[in-house]
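Worksheet: the structure to be examined is printed underneath.
The first chain written gets the first letter, and so on, giving A, B and C; residue counts start at 1 in each chain.
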Amino acid sequence: MSTEMIPVLSAERITKRYGKKTVVRTASISVNKGDLKVIIGPSGAGKSTLLQCINYLVTPDEGRILLEGREIDPSRKKDLYRLRQDVGMIFQDFNLFDHLTAHDNVRIALRRVKGIDKTDASERAVRELERVGLLDHMHKYPAQLSGGQKQRVSIARALAMDPKIMLLDEPTSALDPELITEVLAVIGDLRANGMTMIMSTHQISFASEMADEFIFMEAGIIVETGSPAKILSQAECERTREFCAKINEIYGTSY
Amino acid sequence: MIESLTILAGALPYLLKGSVVTIGVVFGAMSLGLLFGIALAVGQVYGAIWLKRLIGLYVWFFRGVPLLVLLFLFYFGLFSLLNINLTAFTVAVIVLGLISAAYQSQIFRGAIVSLPDGQLKAARALGMSDATAIVLIILPQALRLAIPAWSNEYSIVLKDSAVAYALGVTEIMARAHFVASRTYQHLPLYFTAGVIFLILTYAGTKALRLLEERVHIPGYSQ
Amino acid sequence: MGKRILWALALLTAVFILTNATYSMAAEKIYINGIDANFPPFAYVDKKGNADGFDVKALDWIAKEMGFKVEHKPMDWDGIIPSLRAKKIDIIASGMSITDKRKEQVNFTIPYWNIAQVIVAPKDSTATVDELLSKGNKIGVQRGTTEARWIKENLIAKGKNFSLVEYDSAPLSVEDVLNGRIKGAAMDDAPAKDAVNKKPVRIVGTFGMPSEDFGYAVRKEDSELLKKLDEGLKKLMASPYWNELKRKYNP
């Protein structure tokens, strides 16, 4: 088997229960290098939970995660921290460290997780902030930044760790409409540079232009997967069609 | 009146030396309470269930038993039984510190749980261990939030420190009392002691207010 | 910055506790005398903050005579016997009355002073002792003293109609007499005389409590020290310094 055949990441038969409620049920996703897979589905479908199971921010009850073909044993702390460094995560509400400047937000994990020395970490952080167009704002604190700028800082923070894959959980949902574009532009850039990504989003039209595959999820189950065109216009499943119709109504086709 | 003033003037250096003792007790107790209180708070928020219970028990005990009882219990009881010969001053610092740790832990716990979940999540997502995340991300924010309540705790410990005389720590109040017993100028002396306490309260809370301003996160509303 | 401060604090605290824990390793034994510094003229703190008083100076003389070192440490009267037993202090030479109850816990030297207990009232009052100790009056007393105990057991428990208010020290009770909050205060005659010299109060008289003897208290097991103190006291009382002390402090 050649290395290209091994997916960057596979999540196999992930199940997560909260009490009696099964929030994710035997969901499997596998992503090849450079792929962008987009998870769509109604609110409460389990998209966030599934994404967080991938880097064990939420511990799945069943299933396993393989990074470049190697199974992760989450009980081994070293494995776990390694996995999380290799998997960048972008949250809906940014989760920037409120007490640190943009620059320090990007730099802190380089210094304290990767152990990179101060000057190198600083330079790297500056480069990542430049890449998301925030060089002028690097000394500002999160509370001094707009939502779009915060999300771009969080992308820079994740990128600085040299992740093998990025998980983006509704990266634009918390943004005012006029700020969405700047974040989508950054994501488009990542895509163009070959970053491997899984993203959950309601930005269907934007996603359909870039995604390799759509994954439709509902009630914890992956109902259907396929190319964006197929899911949006010729979905096999009735529920998928209904959802896509509704989403077009709400969000329109422009982004 | 004149007589009172001359007596007061004569006694002032002696009283002020007492305030050095008071400051020592309070500084020691607050420091011990800070360090131990942080540890307790972290344990209570992030620890295993048995640890949470144990800390709950600790807090319950030290908040529930009167200060004087604890002072005697430690001074005449525990340390004597263990044959550890500590000075009254040290025991006062330790006991006031352990009590303050119980109160401070609740201040810090409140501050920690008031932080959004996302902070710890984001730190973990970057590959930080929980310990690193707590030290680098959680505590710096929680401690900032805790300053106003901490300042309140300072004035409480300051006032409580007067009870240390029960062990023979000659702080401000004890000294005022000694001089009054000799001179029968109780009122002016207690008044002066009160003023010294007020000044110490003011200076401490003022310093903490300045600290709060200094470490305030730009753009963050109060 | 914050973390450096925390580390510094941790270090300071540790050093502080360690140095204090080994504090007692001092080379030469210095006996600590616990005093009630609110008990003039037997024990108090002078203008400079040093221990002074009849008992303090007497013990200083004895220590010199008998060849040991002594330091005086002001203590809360309530906790003074526990402090002695817990070895926080070694001697109590501070106007302590010898009683059977106390003898269960400590050993006393030979008596060196006989003291009567009296009631103090405002100078302008005309009340007698009997009038003061009736009509539901409030009478002050220092907490933890023999007179407090005796009054409870022999007057109040036997139906006398007045109540006791307890204070941290005799002078504080005198202040409250002058404030009018209590009608009179019971105390040893020496501090009463001191109060009369300084405040508009008078000694009304004794109230039936048998006079008591003062002695120095030591731990039961410290028989060596007790012997030294007994011998020293005898020497002191035979020396001219004894009369000098009496003249100076006028107890």
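Methods note: a residue touches a chain if its C-beta (ideal position, glycine included) is under 8 Å from a C-beta of that chain, and two chains touch if they have at least 3 such contacts.
Because the structure is a prediction, the values reported are computed rather than measured.
**Student:** Determine the shape of the graph in which chains are vertices and touching pairs are edges (line, ring, star, complete, other).
**Tutor:** line
**Student:** Which chain wins if you rank chains by how close their C-alpha centre is to the centre of all protein C-alpha atoms?
**Tutor:** If one averages C-alpha positions chain by chain, the most central is B.
**Student:** By number of C-beta pairs in contact, which two chains lead?
**Tutor:** B-C
**Student:** Where the centres are mean C-alpha positions, what is the separation of chain B from chain C, in Å?
**Tutor:** 32
**Student:** Need the CA-centroid distance for the pair chain A / chain C, whole Å please.
**Tutor:** Computed from C-alpha means, the inter-chain centre distance equals 77 Å.
**Student:** If you average the Cα atoms of chain A and of chain B to get two centres, how far apart are those centres in Å?
**Tutor:** Their C-alpha centroids are separated by 46 Å.
**Student:** List, in ascending order, every residue of chain B touching at least 2 other chains.
**Tutor:** Correct list: 140.
**Student:** Multi-chain contacts only, two chains or more: what residues does chain A have there?
**Tutor:** none
**Student:** Would you mind writing out the residues of chain B in touch with chain C in their complex?
**Tutor:** On the chain B side, the touching residues are 10-11, 13-14, 17, 28, 31-32, 34-35, 38, 72, 75-76, 80, 84-90, 93-94, 135, 140, 143, 165-168, 170, 174-175, 177-184, 186-187, 215.
**Student:** What residues on chain A touch chain B, complex-wise?
**Tutor:** 55, 57, 77, 81-82, 84-85, 87-89, 91, 93-99, 108-109, 112-113, 140-144, 154, 157-158, 161
**Student:** Hey, which residues of chain B end up touching chain A in the complex?
**Tutor:** Against chain A, chain B makes touches at 116, 118-119, 121-129, 132, 136-137, 140-141, 144, 217-221.
**Student:** Using the touch definition from the top, list the residues of chain C that touch chain B in their complex.
**Tutor:** Chain C reaches chain B through residues 2-3, 6, 9-10, 12-13, 16-17, 20-21, 23-24, 34, 37-40, 44-49, 73-76, 78-79, 82-83, 85-88, 168-172, 174-175, 195, 198-199.
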